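Note that the chains are named A, B, C, D and E in the order they appear, and that numbering of residues resets to 1 at the start of each chain.
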Amino acid sequence: MSLLASPEQPTLEDFGTDVWWIVLIKVVGVFVVLVVMTLFAIVFERKVVSRMQQRIGPNRVGPRGYLQSLADGLKLAFKEDIMPALADKPVYFLAPVIAAVPAFLAFSVIPMGPSVSIFGERTPLQLTDAPIGVLIVLACSAMGVYGIVLAGWASGSTYPLLGGLRSAAQMVSYEIAMGLSIVAVFLYAGSMSTSEIVAAQANGNEVSFFGWEFTGPSWFAVLLPVSFVIYAIAVVGETNRAPFDLPEAESELVGGFHTEYSSLKFALFFLAEYINMVTVSALAATLFLGGWRAPWPLSIWDGANSGWWPMLWFFLKVVVALFVFIWLRGTLPRLRYDQFMRFGWKVLVPTALVWILAVATMRTVSREADLSTGQVALFVGVP
Amino acid sequence: MIEAPDLDYAALAPLLFLFGAACIGVLVEAFARREVRHPVQLAVALVGTVGGFLSAILLASTRELSGDGADVTAGDALAVDGAGIFLQATIAGLGALSILLFAERALDPARSSFVAAAAVPAGSPRDRELLTSERVQTEVYPLATFALGGMMLFVAANDLLVMFVALEVLSLPLYLMCGLARRRRLLSQEAAVKYFLLGAFASAFFLYGLALVYGATGSVRLSAVQEAVTDGGGDTLLVLGLALLIVGLMFKASVAPFHTWTPDVYQGAPTPVTAFMAACTKVAAFGAILRLLYVGFGTDEWTWRPLIYGIAIVSMIVGAVLGLTQTDLKRMLAYSSIAHAGFLLTGVLGFDATGDSPGLSATMFYLLVYGLTTIGAFAVLTMIRDGDGEATHLSSWAGLAQRSPVIAAVMTLFLLALAGIPLTSGFTGKFAVFRAAIDDGAWPLVVVALLTSAVAAFFYLRVVVLMYFSEPAPDGPTVGVPGLPTTIVLAVTAAATLVLGVVPGSVLDLAGQAANLVG
Amino acid sequence: MTLAHYLVLAAMLFTIGAVGVLVRRNAIVVFMCVELMLNSVNLTLVTFARATGTVDGQIMAFFVMVVAAAEVVVGLAIIMSIYRTRRSASVDDANLLKY
Amino acid sequence: MLSSYVPIVGLFALAAAFAFFSVAAAPFIGPRRYNRAKLQAYECGIEPVDQSLHGGRFPVKYYLVAMLFIIFDIEIVFLYPWAVANDALGVFGLVEMVVFIATVFIAYAYVWRRGGLEWD
Amino acid sequence: MSDFPFLLLMIAVPAVGAAVVAALPRGRDLLAKQISLGVSLVVLLLAVLATVAFDAGGDRFQLTSSVSWIEDFGVSFALGVDGIALVMLLLIGVLVPVVIGASWDDEPVGTRSMTVFFAWILLLEALMVGVFAATDVFLFYVFFEAMLVPMYFLIGSFGGPRRQYAAVKFFLYSLVGGLIMLAAVIGLYVVSANQGEGSFAFEVLNAIDIDPDVQKLLFLGFFVAFAIKAPLVPFHTWLPDAGAEAPVGGAVLLVGVLDKVGTFGFLRYCLPLFPDASRDFAPYVLALAVAGVLYAALLAMGQSDMKRLVSYTSVAHFGFIALGIFVFTTEAATGAVLYMVNHGLATGLLFLVVGMLIARGGSRRISDYGGVAAQAPVLAGVFLVAGLASLALPGTNSFVSEFLVLVGSYPSRPVFTIVATVGIILAALYVLLMYQRTMHGPARGLMGGHDLATPDGGEPAGPAGDTGGATATATVTAAPATARRVPDLSRREIAVASPLVALIIVLGVYPQPLIDLIEPAVAATISDVGGDPGGAEPQADTDAARTEAGN
């Protein structure tokens, strides 16, 4: 695969070698990107949902209302900060931090582009990478659960407690499905490094189909459709988004775990939720949608995968994914909690396990029988 | 390309039987209807254990396990040698007997010694309702089978890591089984908590020892450890690691001073489970101790010898002396098991790095006879009942001989065997281990052992005195009429106790032939 | 930082865990202390793996994690069952078996 | 090798600084007009009952989910390295993993049939 | 004839008999007694036939048979007898039918069944034969320990009021001794294994040389066990309790045979196997023995309980026997062996008679009896014979043996011998006092119709001299009015007592056949230990041997 990769394709050796100011720039860059993406996502969501509901949505603040979420954020900062009398003070204080910080960190291994030149230094458009890159994302998303549970517990109130427990249960349940869904990706990529997974999706395999040579699909979303579907569903649950937004089911639990939070503390939770959304969308793009690589028609142009262009493709993919999130929210009613848990445990998890076995078997058989992966994929895996 | 390790399926057959039966048991539990569950589970568990037993015997008879046939398999993780197979067969056989005890349905009015639904809080209305219902709980069979599989893996582990995993596989089901008593549930749950907390504590020690040995030798394979030990025996890290490993194993073997859980757990656990623990766990733990010391650290025996020496003395004294003060039979038998662990350790000391070790065969034989006897003794315990379940207080056994002479005689036989009176299996076993120890020059230890046996004999005798020489209390407990399973267990164990006392030759011979370990 | 530092840290964690098991009275806390011990062993294993230049130690750490998880499952089940009855997780309250 | 983690530390520092600043600054930026009712737990207007902290009891179901999570998470721990090294492991690796997943499925089937996956 | 498995049969027949009796249904007491008696008589017959087949001048061990038993331990089921063991077998053969006869009409305690009693007796007989006939140390040990079980149940189930205490005490003392011996037995095996093939066979072990230091340890191991069994002071405290609480039949076997295993063990195992150690320890053992003779005699005088008194006389006699053994002369040792037999007969008879008296009076206290001779002359006569035999009056069997012991030991150990002789005088005192108080004088206490002044089995009420006067005054007034008729010996009782009386007198007059049987075996033993097998100049020889060992 590395033979087919373009020269800009960074390898693992390229990480950890940057000079300090490059690192600094990239750190700030990632931070800014995430905050901006959050602000954008909120406004984007409100606009899309309102369109779906035949209304206009925010249109006052800034050009066509696009600064609405910035204004909301500032407004939140000037709201009264309440610490409930029964709260466990230190934990109540720490919980939003615990929720927000890992959300930022998860994005650190997402590749946004190939190696580019910044002020003469060549560096990949990715904060960092490691052989176990994806595990960092998973670890950070798991850490986020603590913030939520502790927030619910520390509030000293019944609704947040139940909301916190519910979201914890929900997140860990769907984390299993999510974790299982990406096993097949690792199987194909032979690596857990995000940049290498992107590289693995660089070129399609040459497939000979009744003597007709053509290039097969290279995205894992196409090669591993079941994985992709499971991943897509699981991350919706993982991020507590509609139709799986049970922890904050207003009709049952008021605001869920953050009922007692206000002001900037509430803002942090809000921020964390949207960053998580962005992160899982980015991860979906990375793992299944070819990462920063240009999609098929564009990839005919040779320059599409070099320079700063890929960042555009990448963020396009992320926005599309975000749109799907919002689309779901605009379309689907909320599930009942039991339906939701049953769906996770009884459908997603076993399906994922069986799918992994099927993929592994297929790969092993093709390898042992010396067939090309594409052939078998066409015959067996992708009906 | 990573090379696949060689798997000798025939050598793994005993283990496969047990683990297979356990997995099938779980499936049965999941899919069989409640009415048929009990017979099916029993059949599966028996097929598993008896199959494991027979396949071990078959394995032993078709291969030269004491000579060239002994080998390691599964990437050197498992040893297939005489001692391993002998102990595996012992565990499987004793396990089959214990499972028969689990299956007894005639004694308790509620048809089982196990709680119908363990998750229901004790004392709640639902619990009281279930207590008198005839609903039986069958999870205990797969649990026991898993534990047995773990034990059999434990004695064959040629790798400290495998040993650790096996330790946990055998322990975790046991923790749960302790909490499953149908009556006196609080006691039972408390026993489970205690056993669990202390057991996890001990396995942490084992694990730390493993880590240190790994650090000192770069491997956890026993043969590699042995090489490292031979090269530089005195390494502090290695000695520390060995000590920690021993602590972990001694805990499982309920050797004083690592015994504190034993009386509580033995008392609180359902009696069939206590029998199971006292017999099978002991065999497994000592099997692992033998393998660790003889194979891994055999060339460095002077490091561990004084340690074992001291522990053996402490265990014998603690077991014998504290046993004197007990008024509950289950507790008494628990202390007896601590004392017996000390006796077993004297056998372990009969090690000779150069020649063949009489200690190995002697200890294996002792384990076999002790297991049989102790299962029998606990089986008798299950039969003496009053309205509140089993009557294990000493006073309720007064005059039992007049009410039920056969049961009293059988119990007396077991107690005499535990005390080590000649013409019972207990004597033969003791003789074997003491001979091995004296052979190795440990005669002061043997003298201590003999004196403590005398002390221990006192509390066994006290039961005999009560049964035979006291008048029965008017409102004393009744002797239940056992069903077929308990009858089989009693018949087998009593016969074995006698036969192994009078004509132990062939079994001793077998143990002697099986006494070899590969590294 | 040399490897010895990691080992010392692990040993300290192990000791803290062991002492915790012995002095704490709440079953859950005792249990946590045991987990601490197991994890200190993981640290030791990984350090040694680094020292010997093999991955064996890391693989062992995997196994330890598995076992620790299984222990958590079983332990929580047992502790919960008694907690639900007695409404206390204190080891001292569980004293029916003292003589 | 560890140097590739340095940027993460940097990002952590930045994110933590931001989060702490937000949390710490909140009480000072906003107005402070507290009253007793405001500081009470939110209970739809009923007098709040202190029960969640210290001695509060959760439905046992949540523990069950936690346990199931641990079991499957552990399975994932084994699946990942296997998946990455699958090409090197060959048929043996596949067979082992089939056995492993089958074993997990047995337990899974048990939990399912026993109602462990029902949320009632 | 000598190929005939006498010994095996003597073990097997009673063992099978025991099983049969035990298996009888509950009500068939009479049948059980008949079977038991028959079996025991068969054993007696076998013993006599074995004696006939035994060639006193032949090999040391005869009638041997050996089957491999536990190969791994090198243990054989090896039987064989020398003269010493043979006379003990004869003693067993005689005593067991007597005991069965004596217990014929015993009433069981509580709801227990007497069939069990007879089963235990037969089992005990089998095991006792085994102990004496074993020529394999391991086998000996097995019988030695197994013997405890039936005795334990005899005392515990059928004994007096404090039977539980006595039974447990008996068992524990013996078990401790036995376990210590077990260590020595194993040690012996290991020593033999280090010098070639490990074995438990007596002949093999006798032939090997053992390092003197090791010998000392092993000797002590065996010695403690035997000293407890035989009871030598200070290991004797279990015997008075066991003897007093055991049923009469049990007591006869306990003191008559069981305890002889101890002294037999000295002769058979301690001396030949560990000659150097035996010589080293001999002075201490002798000191213990002589101290025991005096101490037990004094204690016996203080007893108010007849059975305890008889038990203490036995302790004294065992001191004598030990003295005879540990001076290492053939004469003394022959006397000791003879004493073992004679003591079995004499004390056995004494126990029986006391038992018969107790059966009539219902009390074990001497002070509860008086003037029995007037009403039951035969009983009194038998009592007198037993008493005289017990104090070794010339003409009774004990005299011969006591004389031999004293004569044999005086030349080499004059001081010990003289001190021990004092014991004889004391023995005369306590036996005669007991006889006189119970049989003669005014009818008192129970015999006088009074209820018991003190509860049965209470503490001894002061020195015997005082009680005599006190109770006499108390009973004089009441005696004439309500004097109860004391029945004399029934025909069964006479039949039980007469063989013993006859043997006491016959052996007192003509002990030579027994001596002929015993002497060669004893000579062999004494030569093993380096003593004087011929009896001439023992002093010089032992000294020489000791110097040799010292070098």
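The rule is short, and it goes like this: contacts are C-beta pairs under 8 Å (C-beta built on N, C-alpha and C of every residue); 3 or more make two chains touch, one makes a residue touch a chain.
Here is each chain with its UniProt name: B = NADH-quinone oxidoreductase subunit N; C = NADH-quinone oxidoreductase subunit K; D = NADH-quinone oxidoreductase subunit A; E = NADH dehydrogenase subunit M.
A quick note: this is a predicted structure, and the numbers were derived from the prediction, not measured.
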Moving step by step through touching chains, the smallest count that connects chain A to chain C is 2
Chains still linked by touching once chain A is gone?
-> one piece
Listed by label, which chains are in contact with chain D and with chain E (NADH dehydrogenase subunit M)?
-> B
Measuring between mean CA coordinates, which chain is farthest from chain D?
-> E
Chain at the geometric heart of the assembly (C-alpha centres) = B
Geometric centre distance via CA averages, chain D-chain A, whole Å | 16
Quick one: chain B and chain E (NADH dehydrogenase subunit M), Cα centre-to-centre, how many Å?
-> 44
Here the gap between chain B and chain C, centre to centre from mean Cα coordinates and rounded to Å, is 25
Using the average of all C-alpha atoms in each chain as its centre, how far is it in Å between chain A and chain B?
-> 52
Of all residues in chain D, which are in touch with two or more distinct other chains?
-> 60, 66, 73, 90-91, 93, 112
Where chain A touches two or more other chains at once, the residues are none
Could you check chain B for residues that touch two or more other chains and list them?
-> 119
Which chains touch? The pairs are A-D, B-C, B-D, B-E, C-D
Parts of chain E (NADH dehydrogenase subunit M) lying in touch with chain B, wherever the complex brings them together | 68-73, 110-112, 141-146, 148-149, 153, 156-157, 163-164, 167-168, 171-172, 175-176, 179-180, 182-183, 186-187, 189-190, 193, 217
Write out the stretch or stretches of chain C touching chain B in their complex.
-> 7, 14, 17-18, 21, 27, 30-31, 34, 37-38, 40-41, 44-45, 47-48, 51-52, 54, 56-57, 60, 63-64, 67, 70-71, 74-75, 77-79, 81-82, 84-86, 91, 94, 96-97, 99
Seen from chain B, its contact residues with chain C in the complex are 118-119, 121-123, 161, 164-165, 168, 172, 175-176, 179, 185-187, 189-194, 196-197, 200-201, 203-204, 207-208, 210-212, 214-215, 218-220, 263-264, 267-268, 326, 328, 331
Provide the residue numbers of chain D that touch chain A in the complex, in ascending order.
-> 1-8, 10-12, 14-16, 18-20, 22-23, 25-27, 29-34, 36, 38-44, 48-53, 56, 58, 61-62, 65-66, 68-69, 72-73, 76, 79-80, 83-84, 86-87, 90-91, 93-94, 97-98, 101, 104-105, 108, 112, 117-120
Which of the residues in chain B end up touching chain D in this complex?
-> 1-2, 4-5, 23, 26-27, 29-31, 119
